[in-house]
């Protein structure tokens, strides 16, 4: 596979994301990480910060591109000649949602495949919300997020206090 | 088991909650009902009101403590020497969510167990939202919530009209 | 069956809704489409617009009534002598939710049945949110919504720009 | 609805079955209980015994017919001019299976509807296997099966000892 | 991706299998269809027949190899230098099972990826069991299986009568 | 809690079982491991072998008793004055099944609680079937089962060859 797209809000990137991005980079030559410009919820990190953290956290991997996206995922994938969307699933609620999303994207772009990767048991439970909650309450986020995220949270915290 | 923690928003306490608290009180000498100070949604009852209703609704049970909590549940459990978190599950969507939450708490506090109690078929479907919706539309909430909640809703209603 | 109720927000009506309404009209002489006055989220179309679109989109079917509803669904069904609620399910997350909702309605109105219709594989994945998202980003909504909805979205779009 | 079909092995009929049959008889004038001639597992009761127990257990209901069936359910429904299949669902594993079965039947008989009824919380957990297991180990099956089944099990037990 | 493995019993191959094999052939240069020698249930078609039907049904696709396999899937994948296992999922019960299977295979062969492809809504519900049941009862299997399977079933039927 | 019961076939005991038994031994003074005498499938190890392996694998834990059981689990728990059944859940299919089983046991023994423990992410995927399959095909079962099981499988293997 030439190109795959791995979409998300990444507010911020977690070790769960990095596990999936690493595995995706073994399946395709080029992994486009599509960072959602508009998210249904207010983000802690703005678009640039989210993209920078992703670039830094994946600098050790080859073939990774971090690109903001708004609009339809099916159109974005077409613009970037992507063959497939990569999505991680942790449990059946994720699977149920992804099966429906895959049908929407197939209806919008019949050439676009959806690849679901089973989340890694060791990092699958990690979400951006968990990282922010644990940090907010002085918990140790090392098991959940890369070092650059910890730095960024500390800076963000000092800016806001 | 010495101490278990039963966390929630309890806005307000329902007969479903009381079923689980009663069963928890048979499993451990001390049941700490952890009332969330900060909830993602605006609550109808404030923290004190929620705590008072819980105390009144469980007055007939021994070994019950009602304590507000903010911060990480894993830390709260450690502070109160709790051996386990008690959570009720009604169906698979609950189970999927609780399996992931249990992994987060295990990562934050490896000594903390998570005990999932199958909801009682007769009260499992009751949620605080159902109680408030039924009351708001003049429905009978007796099958769903203890008498003290009905009183509190009537007072709240008269205050707000 | 004389009368069934098919409740929802219908913001706007989709081909998935129309599939279920058509099938419901074969099961009962009278299908009351109950349009929720109050929805937890702000709607794109107001109540009248939503009702008008439903009437237009189901004009080809007999025995259809479009009626706004607020309050408890169990009470609305009683007022309209409905024997059953019709609900569509696409996957297990829907099923889990509907099983609990059915218990609430059974507790409020023991005569009211809940009929779950398996979503049609070809239209089951369509939601009002998908229709609005695809339209917003200039996608083709013909496979997802009836023509009258496309018109209404174009008018709404021109009003808002 | 004129006619609906409620299929199963009924080895033997349980209070869970009777709850669904009773509810089906309120939705349609005629409920054909289709008793599977061939079942993947050896049955405790033969076909006649299973049919007789069903007839006896539903004698108090009107419009009920008990008819053995082999072959495709979609064909059987067509032969008996049935508009819909009635199936009960207790949880999401049932729902997942029934959604797929509904698609198979829709592909074989596009006029045939599938109606899923949420199992009653009080009897939903009862299966024929539970009835036989509890009886085998001298448990009380009154909460699980009608009196005629208890009689039949006692007779079967004395025949086999 | 160079090589992926698509395992199964294929007793017989269905249009659901062919949809997944076709999609897999777009993701990798070489798709090894691993046909299980030992299956938990007695098969209708023996190993050679199952392999021949697969070869015939996928003759129009390039890069397809049909190879019997026994032993551990993780070992088979290693022997054939496969980067990933391809598995289709139709609903959450499949997803739950595949998530656990993926963990077993990851424990046995850490280099082996598991790719889950959402079943196509139009063919996802088709299983080998459905094909055999429909044929057994003189139903039309054209919507479910390729022509060569129909031929083989007719021959098998005449041999057995 | 004085006594809990942890039931199963244990054919053979795995590291997943031992994780749950270890955690149960922290919740109650006495953990009765109930080894099913009659299992729906033929077992590789007979009853005594299964019990011996359990005793050896849990020798390092205090308060563990290994007792064969046949009949109803609800009755067995009553005979041994157990307050709760301990069951592990790995995903939603387990949860769906356990919620129904808990209702059956509650109907048979209203004093008996069911405690569901979320499977440990690192060992949750391990089943007795996986252990036997991996051993049969010369895989390494050290990550899946205790040393005594490996010994027993080697002896069983030599006896059978």
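We call the chains A, B, C, D, E and F, going by the order they appear; numbering starts again at 1 in every chain.
To be clear about the criterion, contacts are C-beta pairs under 8 Å (C-beta built on N, C-alpha and C of every residue); 3 or more make two chains touch, one makes a residue touch a chain.
Listed by chain with UniProt protein names: A, B, C, D, E, F = Phosphopantetheine adenylyltransferase.
All values derive from a computational prediction rather than experimental measurement.
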Between B-D and B-C, the pair joined by more C-beta contacts: B-C
Pair in C-D, C-E or A-B that repeats E-F, with over half of contact pairs matching by residue number: A-B
Proportion of interface numbers common to chain A and chain B (over half same, under half different): different
Distance from chain F to chain D - Cα centre to Cα centre, in angstrom: 33
Chain A and chain D, separation of their C-alpha mean positions in angstrom: 47
Rounded Å distance, chain A centre to chain F centre (Cα mean): 39
Sequence positions of chain A contacting 2 or more other chains: 91-93, 96, 99, 103, 121, 124-125
Interchain contacts, given as pairs of chains that touch: A-B, A-C, A-E, A-F, B-C, B-D, B-F, C-D, C-E, D-E, D-F, E-F
Parts of chain C lying in touch with chain B, wherever the complex brings them together: 70-72, 74-75, 92-93, 96-97, 99-100, 103-104, 107-108
Chain B-touching residues of chain A, taken from the complex the two chains share: 90-93, 124-126, 130, 133-134, 137, 139-140, 143-144
Chain C residues touching chain D - in the complex, by the definition given at the top: 1, 23, 26-28, 83-84, 89, 91-92, 95-96, 98-99, 102-103, 106, 113-121
Residue numbers on chain A that touch chain F, as the complex places them: 91-92, 121-122, 124-125
